[in-house]
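My questions will all concern the structure given below.
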Amino acid sequence: MEIFFVLGSPLLGGVLLSLWGHRKFAAELNSLMSVATFAAAAALTVRVISDGPMITPDEQFFVDPLNVFLVALTAFVSMTTSLFSRPYMRIEQAHGKLTDARLRLYHSMYQLFSFTMLLVLLTNNMGILWVALEAATLTTVLLVSLYRTPASLEAAWKYFILCGVGIAQALFGTILLYFASERVLGSGGGALLWTHLQHVAGSLEPTVMSLAFVFLLVGYGTKVGLVPLHNWLPDAHAEGPTPVSAVLSGLLLNVALYALIRCKVLVDGALQTPFAGNLMMGFGLLSVVVAAFFLSRQRDIKRMFAYSSIEHMGLTTFAFGMGGPIASFAGLLHMTVHSLTKSAIFFAAGHAAQKSGTQIMDDIRGLIKVNPTIGWGLMLGTVAILGMPPFGVFASEFLILTSAMRQQPWATPFLLVSLGVAFAAIFSKVQPMVFGDTNAKRLPHPPALVPVFAHLLIVLLLGLYIPPYLADWYRQAAKLIG
Amino acid sequence: MIDGPITPLAASLAAVIAWLAIALAGVMFPKNLRLVSHVLFPTGALVALALAAAGWSGLAQNAETLILPLGLPDLPFHLRMDALSAFFLLLLGSVTAGVSVFAAGYLRRGEGTLPGLQCLYYHVFIASMTLVLLADDAYAFMVFWETMALSSYFLVTSDHRKAEIRSAGFLYLLVAHVGAVAILLCFGVLQGGTGDYTFGAMREVQHTAFWGGIAFGLALFGFGAKAGIVPLHVWLPEAHPAAPSPVSALMSAVMLKTAVYGFLRVMFDLLDMQVWWWGVIVLAAGLVTALYGVVFSAVQSDMKRLLAYSSVENIGLVFVAAGLAIMFRAYDMHALAALALTAMLYHALNHAFFKSLLFLATGSVLHATRERALGKLGGLIHRMPWVAWLALVGTLAIAGLPPLNGFVSEWLLLQAFLFTPGLPQNYLNMLVPVAAAAVALTAALAGYVMVKFYGVIFLGQPREEKLAEAHDCGPWERVGLVWLAAGCVLLGVLPVYVIGMIDSVTHTLLGRSLGNAAQGWLYLAPIHADRASYGPFLFLVVIVVVVLLAFLAVRLFYHGRIRRGPAWDCGFPHQTARMQDTAEGFGQPVRQVFEPFFRMRRELPDPFDAVPRYRVSVEDHLWYWLYLPVAWTADKVTSLVTLLQRGRISVYLMYSFCTLLLLLLFVR
Amino acid sequence: MLPLSSQVINLLAAILLLLAFAMLTQRRILSLINLFALQGLTLALSTAVVAWSTGQSHLYWSALVTFALKVVVLPWILHRLIRRLNVKWDVETLLNIPTTMLIGIVLVILAFNLALPISQLAGTITKSTLGIAMASMLLAFLMMITRSKAVPQVIGFLAMENALFFAATSATYGMPMVVELGIALDVLVGMIILGVFFFQIRERFDSLDIRHLEKLKEE
Amino acid sequence: MISASGVAAQITELFLAVALAPLMTGWVNQCRAWLQNKSGPGPLQPYRMLGKLFQKESVIAYGASPLFRITPYILFGGMCLAAAIVPTLATDLPFNTAADAIALVGLFALVRVFISLAAMDIGTAFGTLGARREMMIGFLAEPALLMVLFTASLISQSTSLSITVGKLLQMDLAIYPSLAFAGIAFTMVLLAENARIPIDNPATHLELTMIHEAMILEYSGRHLALIEWAASLKLFVYACIGIALFLPFGIAQGGDSLGLILALPVLVAKLAVGGALLAVIETVSAKMRIFRAPEFLGTAFLLAVLGMLVHFLLES
């Protein structure tokens, strides 16, 4: 029942806002629908806590430990982001960057986007999962190109083509998956239902499954932003409106990775070899190293943090590829804390950019003087994303690195180097932005900083104390992933 | 949580909580200087005293553990207090007490960060250091370790409007972070694939020689980066001058010691093996660091940089002792290992006291004169007698002169060297005397450096007019300085008691302790009274008595007439204060003798110059041999990587196409 | 001796591959669109044949959808776009045609090799066509890489979609209906969005040459 | 462990040292005069000078701090302590347990630091110049001295001087190459530490070349007297160290008072010869430029370390 509320409210919101998206109260409505979504998700979570995993009668939707916390996370972040985007977009409008029509588009697409992502997470059907992910791409394409500037159009175009092609590979992978499963489960709708596949994974045809995984990896990997399929990511993050960058980094990448993990489980079941894991480890490590080196040349603040997203997604992929209870646990934890921290950073960075009227980091100076809260938000967020305790990112990195040291020692030098390089790059850029003297001006509307510090607070808590039920989900999910 | 009498561990935990409370109070009233400086900091000092007491009592008893309901789900924070932690807690508490009192008088309005925030960072800093010493699992250790680094970073950059201070802070945090990652990986090795990160579990793991070596290397790198082992010392001379003086005092006196603690913890407690050549490596690293530090501090012309380099030197000596201890232990010569270890711990303690004393003294000088450059100071002994005379104690102590504390640890160290002929390794027997010689040279150079430091700052004539209105430090500062100076003297005069404390540490780590062969508190005789003995108290008494006798005799048989007159100007009446020997001049012999150490650029005056000018700049070779190449390489790699993102969509499509094909072939 | 239906399907598959090559080498944009429509037609036909020969009723529907979408709607949209944007130019490729052909041959060989073991497993009457589907997908991919104008690139994208459809029908008798509808919807929406895009790109860069879209990059 | 005879020996030794030290200096100067074909002032000259200086009032520069005034006493006290540590007449000295060879070196360092600080106190160019040079000599000479003592300690397995001497006395008369090395090194250190040619010229009046004299340029009257006395004590103590380490025979073992009485003439004889040798060395060698001094002392340091290595190689 809750499931339908979770899916319904953003859908409804999308419809409503496509009508009234340009009105005065549109922003409030947007936030309202997101809050409703989150409330439904919370109810769903509570339900799951009380009586375990569930599945709808028609078997089309299901909730298990792996997706329940992602649903909660997605709903939460999209809620906070909508809260943040209320003043942010007002300021953008005041700066004359947006017309009413575009604002309407923005609001409705925002809702639809969160709908598609929740659909990806909740659906039981691998085909629908693909469809929803493609839809998510389409909505975000419109969001990225919102400003209609040449740069944003270019970014959106690249985003569309690259992800479209990628996702097409994923479709081929899905077809092969269906081809393999159909011979076990018989044709028809049942053959793509995860709940069924999961049980027969052992008897799926290995050769087909390995081939399928290659296509799925290339497909979904493009959306995760694994090097060398990542090229769309920095452009899209840098040119879209900040709330969109926040949800792209914080949610879309996670969701794509979620799809990839689902596939990995099946392939592992079929092959009984570390084939999939090795591929993921390779791509993950490559992404970490390359992204780390990309960081040091950046001039645009959002672009830089986009690369840092690639780095962290790579780390997470590496963790999942490594497998084992600790590593998978760490991977899930890292997904959570990264999406929270990174979106918080984007909020702060967005306001910082608005304050100094540019995204070029050399022109952003001394935030801590003009607006201490923004400055501290950015500083703390950066410190957190760089893996400094007591923030949660450190907890997951701790687990990943320490278990890598004994499971995959060959990888640790690369990780050591790239973490060092990333630290040097990001911190040397952020420090002068936060500290020092400045020449920034006031904003027409008060900035929204509650989301920033709410996120950072949660991340801080996760670094010091992980509530038992959350830990249980992580453990069960880790067991599921293997 | 605890029942019955308050255990030392509980007490120190309470101290931590109290500090955090103080920190929060500071945040509540960030602008209220009087509250912060006259209430919060003194309270913090009292808490520090309590912590020292807790450490003291913790030394006696055997290990005690506690588990906090925080941390990772399978890994709550484990705390444990054994003699080793207790000893370092004692160090931390006793030094911090002095520094906090000093800071109470030191804080001024309108200097960088708000006093409340400084109070926050400061107390979080010392609280996290305490927790580092108490941590008993890898996760807790790392969390507190990095919190320590972070809070000290904010302290260093508390005057963040200056660009060089920002860059110093950045360099510091970068090195600290890289080192921390290395330590983390070291713990990854130590847990031995069991997935259990408590130290208790790590102690049980049996390591192969290979993994043991890796763990050792990572530990040396990680903790060395924090302690400032050459070539990872570069952040030290940048960060210490940048920080406010009480902070530099704490960083150099206590924070470096936490690195020493971590190294000891790993090498003597967690790692189940010792190999003799590890000892050689540590010894060599220590020697290089010590010489490097002292030689560089001799040529500095900024008083805080000079002290920072001297910290590098002292840490080097500490690691020399550690190397000896590892060697001895590898050959199961536990009594001698205990001797070396005692020397090491004793020197750590001494350094904590005199280095913080000197840093605080420079702080007072800085406040009185707004000058850090040695070339613009001088003659302050007349203007600020308190600071000058207390600093003299620190100077003599750090120069390793009897009967003060610096000498005791050097004495123990040299004794340890004299025993090395026992080693069953001819190469080592040959190598060790050379090492002893290097240590002796370092000690002598330290004397040189300290004469320069003290003489140029406090003696002679003031080199600038403005020094005339320099004022002596206030009551709070005096209390702090006196406390630390008294510590120096007591540690020097009553070594038997101190060694009594250290014995419990060596006993827990090695199962053997030094004891004191010559009974009684008067004489210190580590192995046997015939072997060597030292009675600093007697030493002091005799000197004082003879001096007094001489004085009285002169007064008795002759007279005490004094006439004041001008100094002998050698027939050149126009001498000014500027014509005194400068700091650079004083460093010149060292520049001459140790030329190859430095990267020097001289501008010699031309005989025909109207205004002849002699300029010399001394730099660190390592920047050019190590760090710049690294940066250059990183830049090259970056520009290679950048080729991936040239903006051409067809090329991007090509990437994914090729990836696909490659993978397909890979599947075949 | 194969049954008639599978002979027909193989024939259609061959035609599909031929069309893929033709699109790869086609210079003129209008005929490119026509080729695309033709490919759609082939696809619909083969789907229908499969439906007829196997009696899978839902395949009729998907054949119908395919026909509607890929033979009628999309070509029509494309034609209108061409007319509205009056882009009558010839297509210029980044890679000269013979090289492209050679690469294409290599791809086909690779695809066949990959598909071989799988087709052995397939119990469908259309098993041998999976290789062709994969080949034409790779060819479409190649076409997207080599074209320097926006519209041909999109057509390549759609051709890839076709290939996937063909794979779905040939390897398995079509995906579940709900999935097929979803996919169709996505393709349609994507197409419309692209249409909107074309106009915006045009008004910003007054050209549809994607080589104008190379500003965002790392120095 | 403290015996009455020990205390007696200790006290006699101390007073003997304080009393004889100026005589030693005078004797060396007298020998130098003879070697230079002069008729010297006689070996008792230093006593007369001390007396004169004590009579005079002492003139102190305006900028002088209390440190400047207490330094002479500390110097004197430190040197007395040194004299008490070194076994000159008997090995059974209760004070030896309080300070061993390392402490002795530390004591010399303490004295050196104080006099350098005092020299910098006034803030004249020469004072600082002297202090700088003195410290340079110091940081080169101190390790060398330490190494010399280490060599002896390695042979005798003890850093306590009296025990070392006792061991050396008991050992049958064998040739110790290590000690030969150490002996040469020690002589060089002695020359440097006592402001002797070739490092420094005690008789010079040219400010630019002097080291020790430059430091005490500002002192006068009783302070100067104490410093001079301390200087001659230093020379005396060094000579005694050399004797104790390299030709220890004649030093009373344990607490026998007869040995004590016998030891005195032997010591005087040794000192006389030693002083004469010193004078010879000073006469035949020329003062070297200040920046040759590091090479000179570096050689000494090297020889001392070589001595230790030789000990490991040949004697253990």
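Labels for the chains are A, B, C and D, by order of writing; each one numbers its residues from 1.
Note that in this section a contact is a pair of C-beta atoms (placed from the backbone, for glycine too) under 8 Å apart; a residue touches a chain by one contact, two chains touch by 3 or more.
Source: prediction; values computed, not measured.
Chain grouping by touching, computed with subunit B excluded: A, C | D.
Inter-chain contacts peak for the pair B-D. With centres taken as mean Cα positions, subunit C sits 31 Å from subunit A. Averaged C-alpha coordinates put the centre of subunit B at 70 Å from the centre of subunit C.
Averaging Cα coordinates per chain places subunit A and subunit B 44 Å apart. Chain geometry summary: the mean Cα position of subunit B and that of subunit D are 36 Å apart.
Touching two or more other chains at once are residues 157-158, 161, 165, 211, 234, 294, 297 of subunit A. With touch defined as above, residues shared between interfaces to two or more other chains in subunit B number as follows: 642, 644-645, 649, 653, 660, 664, 667.
In subunit C, the positions touching at least two other chains are 114, 141, 144, 210, 213-216, 218-219.
Every pair of chains that touch is listed here: A-B, A-C, B-C, B-D.
The residues of subunit D lying in touch with subunit B in their complex are 1, 54-55, 57-63, 65, 67, 70, 73-74, 76-78, 80-81, 84, 95, 97-100, 102-103, 106-107, 109-110, 112-113, 116-117, 120-126, 128-129, 131-133, 135-136, 138-140, 142-143, 146-147, 150, 153-154, 157-160, 163, 207, 217-218, 221-222, 226, 291, 294, 301, 304-305, 308-309, 312, 316. On the subunit B side of its complex with subunit A, the touching residues are 69-74, 138-139, 142-144, 146-147, 149-150, 157, 160-161, 163, 166, 169-170, 173-174, 177-178, 181-182, 184-185, 187-189, 191-193, 195, 197, 634-635, 637-639, 641-642, 644-645, 649, 652-653, 655-656, 659-660, 663-664, 666-667.
Chain contact summary for the complex, subunit A toward subunit C: residues 125, 127-128, 130-131, 134-135, 138, 141-142, 145, 148, 150-151, 153-158, 160-161, 164-165, 168, 171-172, 175-176, 178-179, 182-183, 187-189, 191-192, 205, 207-208, 211, 234-235, 238-239, 294, 297.
Those residues of subunit C whose C-beta lies close enough to touch subunit B in the complex are 94, 110, 113-114, 141-142, 144-146, 148, 210-211, 213-219.
Within the complex formed with subunit B, the residues of subunit A that make contact are 157-158, 161-162, 165-166, 169, 210-211, 214-215, 217-218, 222, 227-229, 231-232, 234, 279, 290, 293-294, 296-297, 325-326, 368, 383, 386, 388-390, 394-395, 398-399, 401-407, 412, 416, 419-421, 423-424, 427-428, 431-432, 435-437, 463-466, 468, 471, 474-475.
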